[in-house]
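After this come two complexes, each holding chain A, first together with chain B and then together with chain C.
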Partner chain A sequence: MSLLETIHLKKYFGDTHAVDDVSLVIKEGELVSLVGPNGAGKTSFCNVVSAYYTADSGTILFKGRDVTRDSVTARVKAGIARSFQLVNLFDDLTAFDNVALAIFSREGKTRSMAALARRDSAVTGEADAVLGQFGLAGKRNELARSLAQGERKLLDVALAYALRPKLLFLDEPTSGVSTRDKGQIMDTIAGVVRGEGITAVVVEHDMDVVFTYSDRIVVMHQGAILAKGTPDEIRTNEEVAMTLIGAAGPDAFTQRSDHARG
Partner chain B sequence: MTIFIIQILNSLFYAAVLFLIAAGLSLIYGVMRIVNLAHGSLYALGAYVSAWVVGGAVGHAMSGALGLAGALLLLPIGAVVIAAVGALIEPTLLRPLYRRPEEYHLLITFGLLMILEDAMKLLFGGTPLSAGSIMDSMGSIPIGRLLYPTYNLVVVAIGLIAALGLWWFIYRTRFGVILRATSQDRRMAAALGLNVGRVYVQAFAIGCFMAGLGGAVVVPAQAAVLGMGVEALVLAFVVVVIGGLGSLEGALVGALIVSLVRTAGIQFFPEIELAVLYLIATAVLLIRPTGLFGRA
Partner chain C sequence: MTAMTTTTATADTGGAAFLRLLIAATAILVGLALLPAVVDPYQTVLLTYGLVMAIAALGFNLLLGYTGLLSFGHSAYFGTGAYTVAFIVRDLGAHSMELCILGGLAGTVLVSALFGFVCVRHTRIFFGILTLALSQVLWSLAFKFFWVTGGTDGIRVAYAKLTLLGGLVDFAGPGSFQRFVFAYYYYVLALFTLATVVMWVIVHSPFGKALQAIRDNETRASFVGISVRRHRWIAFVISGAFTGLAGILWVPLNGLTTPDVLYWPFSGEIVFMSVLGGFRTFAGPIVGAVTFNYLKTAAVASTEYWQLLLGVVLVTLVLLLPSGIVGTAMRLVSRWTR
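Right, the complex of A and B next:
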């Protein structure tokens, strides 16, 4: 059953075709990787679906309902959440408070001004459980700013996950961390996502990671879909190999500046 | 020695009032990044409203403990009224300007300052308005050979309770977590589905409540007069410059420093009392531009 369907989705920035006529079906419960050289439109596609950009044309169906014109908040409420390429955390809050905040927001527990933050045992229990799932239980009371990069990446995903989305966009969850940490982060994320039956779309550069963890791979190039299929199908697709290998060299160098721009 | 103790108590009294004003200013800046130039005038308006309510209800002849209790209960009305004024100002005057550069914030709050000052002149006239009957009927306690008004000590206690209460509110409540999150990253807070608009109204109203409370507690000791708001604004700015704009601890420490220096100044160097305060503020700006407790 399809959870998300985009039909002829377009987003242009002047002459740049960031998202160019993308028609894509994401099925419930699958982990889809979105790959492609820099500037292929992966992040733009996530931004359009999560309402950070407005689509120029086309339709976004979520659970069969047209959400193309819905606001960010409305789409979060509907069940679309995302993490960011640049880690977005509340640096001056503890890891626990970061997660608790997402839970307050989801539960609509934002009205009562005198309610004690840590006396709500349901929220406290859930926030601790989420931290535990992401291996961050020991960092509960540390400020987000003091966490290591890999931990920040996980906390970022934990925040999006605490909104209990149906569909989770993860924009480069392993960027900026060592190769050794990548596997651990992806193991954790894939474990949680599969365990809870959440549909996930992961933007990723590292093809080892992509081939290891994906159910399906979508290759984008210049805003459009170049190919889609299982890891085995993509691995043997020569056109994809040319595009990705051709871009692999400069890609490795531009990745840093890409992050700086966010 | 007696004089020394009384001077310390006096400076604690000023510190309590200054803290209430500066904490509100700092809270509003911390959450909304708006420097509210009308903050001092809101403090003055709080003083006028409280004095007017208490004066109208019990007059100047208060009868017994019941009259005093009643007057003390009426006193915070000024703070509540100012909070309500704040809840009106934020969505109507400030909200349309958040996306504009800072100059617009300064212009609109400066305009608000002028309107409020004239409104007070119109409403209350040039005659000072006092709730002195409260202070009188609370009597004095002996300090050494001298008598010290009991009410001043009550104000110090209120300042202390307000500081603890605000700290508890910001660091221990659910709303405090939301408030701190919104102040750190408005876009991200909205991305989580938080209602940023509502947080802003609440934060602004609380900040205004603090200013109004400052006015309410000062008016039994000092009559509300025209111009008190601007004077308070200037001192509150010195407080937040020293302590760090947006920091609660900074407002507390800054208020203590400013009132100690002021009290000592009035005693020992009255000619340059304000100049010394500005010098301290300048020194802090040069050495630590974000203030003692401020973050860049």
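Right, the complex of A and C next:
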């Protein structure tokens, strides 16, 4: 069953066609990777679907309902959440408060002012559990600004996850972290997402990561969809290989990553 | 298991910290309650003024320290509170201070809801300028419509006409000023305590956390589903109401309300109190307001050029203590205990 459907979605910035006539169906429960060279429109697509930008034209259907003109908060309440490429946290709050806030918001409790936040045992318990799932339990009382980059990335995802979304956009969850930490972060994220049956769209550059974790891959180029398919289909697609790494051939991706490792 | 241990451990330290806070607050409160017995009435009056301004700064800081909005127009809410009380006493002939408080609060909530609705559509300097401009509209009304507001003469509100606690305490007969000074000090102290507790709960509630999230990162706040503008608006109204309460309590003490309390330099004083005490701490504005009040009184008493003296002292203090009196004290204490 389709969870998200975009129909002829467009977003132009002057002459730049950031999202150019994208029609895409995301099915419930799948983990889709969005790949493409820099400026391909991956983040712009996430931004339009999550209401960071408004679409110029086209339609966004979420669970069959037209949400194209809905506000950010309305889309969050409907079940669309996202993390950010450049970490976007509440820097002067603790890791715990960051997550707790997302839960308070989801529960519609952010206007309650007559009781102390930390006395809400249901929320504090859940916030601690979420921090634990993302391996951040030990960092609970540290300010978000004082966490390491990898931890900040995870907390960014944890914040979106704590909203218990139906659809989760993860914009380059491993950018800016070391190659060693990448696998660990993706293992954590994929584990949580698959464990809870959340539909996820992951923007990612690292093709090793993409091939390892995705159910399906969507390749974008110059704002439009170049190809879509299973990891195996994309791996053998010569046009995709030419666009992404500038080389073709049956083993283009494998050779490149071997080379990178060596 | 690990998660549970952490929670319990933190809950314990949280409890201990709360206990320490409670003990410190009670000690300060007892000290304040005993003070009039040992100092002369003039000092009691001064401290009453300080506590009144502390309520105003506490309200102001919900916007600056917790929501990240710098208002340059809080004179509007202080003045609305003050003028509403004056109207109630003069035009309705009411004597009950509690009635004045209710009426004054209704007036300030109305004005701050209206002004806030316009102002929270903007942030940063645009927000500041809008709050300033709107407050000056009220000032010019008070200034020009002298047949209603008394113009620069203001409106007199004689303490002797007022009663406290629903008529239980009145100030008729000889020696009434002395009685008023003491009774009113305790009245203000009680309301100050109540206001402080209420504000403390608000900033530690889910709503207060949401405001801090909006302060830190407005974009992310909306992406976790918080309606940023609505929360800012509610914070604005609460902030206005606290500052309005201060204006209400200030009138009987001053005996007169004039357009000065609506004028923008007065808004500046409220900003200064919070910065002086430390706007990133809860107690900062309280300490800042009381300190500012003493400094200003001392400056006025010592020279004709008191503004110059006060200005130099304040600039020096802010340069020496960039995180305010309370912020600096907390840093020193944490360095000392480490």
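Everything that follows uses one rule, which is that the second predicted complex is superposed on the first by the 246 of 262 C-alpha atoms of A that agree within 3 Å, B and C clash if a C-alpha of one lies under 4 Å from a C-alpha of the other, contacts with A are read in each partner's own complex, and residues count from 1 in each chain.
In this section, contacts are C-beta pairs under 8 Å (C-beta built on N, C-alpha and C of every residue); 3 or more make two chains touch, one makes a residue touch a chain.
On a predicted model such as this, the values are computed, not experimentally measured, just so you know.
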Note = So, after the overlay on chain A, do chain B and chain C clash or fit? They clash
Request  = Once the structures are superposed on A, label A:D208 by its partner contacts, choosing first (chain B), second (chain C), both or neither.
outcome  = neither
Query = Touching A:F90 in the superposition: chain B (first), chain C (second), both, neither?
reply = both
Query = So, A:L131: does it touch chain B (first), chain C (second), both, or neither?
reply = second
Ask   = Is A:D187 in contact with chain B, with chain C, with both, or with neither (first, second, both, neither)?
value = neither
Query = Taking the superposition as given, does A:E196 touch the first partner, chain B, the second, chain C, both, or neither?
reply = neither
Message = Tell me which partner touches more residues of chain A in the superposed arrangement, chain B or chain C.
response = C
Inquiry  = Quick check on the superposed pair: does A:T73 touch chain B, chain C, both, or neither? Answer first, second, both or neither.
reply    = both
Message = On the A-aligned overlay, A:F104 touches which partner chain: chain B = first, chain C = second, or both, or neither?
response = both
Task = Pick one for A:D232: touches chain B only (first), chain C only (second), both, or neither.
result = neither
Set of chain A residues, in rising order, touched by both chain B and chain C = 72-73, 76-77, 82, 88, 90-93, 97, 100-102, 104-106, 109-110, 112-118, 120, 159, 163
Query = Within the complex, which stretch of chain A touches chain B?
reply = 72-73, 76-77, 82, 88, 90-93, 97, 100-102, 104-106, 109-110, 112-118, 120, 159, 163
Key: Touch list for chain A against partner chain C, complex   = 50, 52, 72-73, 76-77, 81-82, 84, 88-93, 97-98, 100-102, 104-106, 109-118, 120, 123-125, 128-129, 131-132, 137-138, 140-141, 159-160, 163
Chain A-touching residues of chain B, taken from the complex the two chains share = 169, 172-178, 180-181, 184-185, 188, 190-195, 198-199, 202
Task = Could you please specify the touching residues of chain C with respect to chain A in the complex?
result = 2-4, 6-7, 10-11, 14, 201-202, 204-210, 212-213, 215-217, 219-227, 231, 234
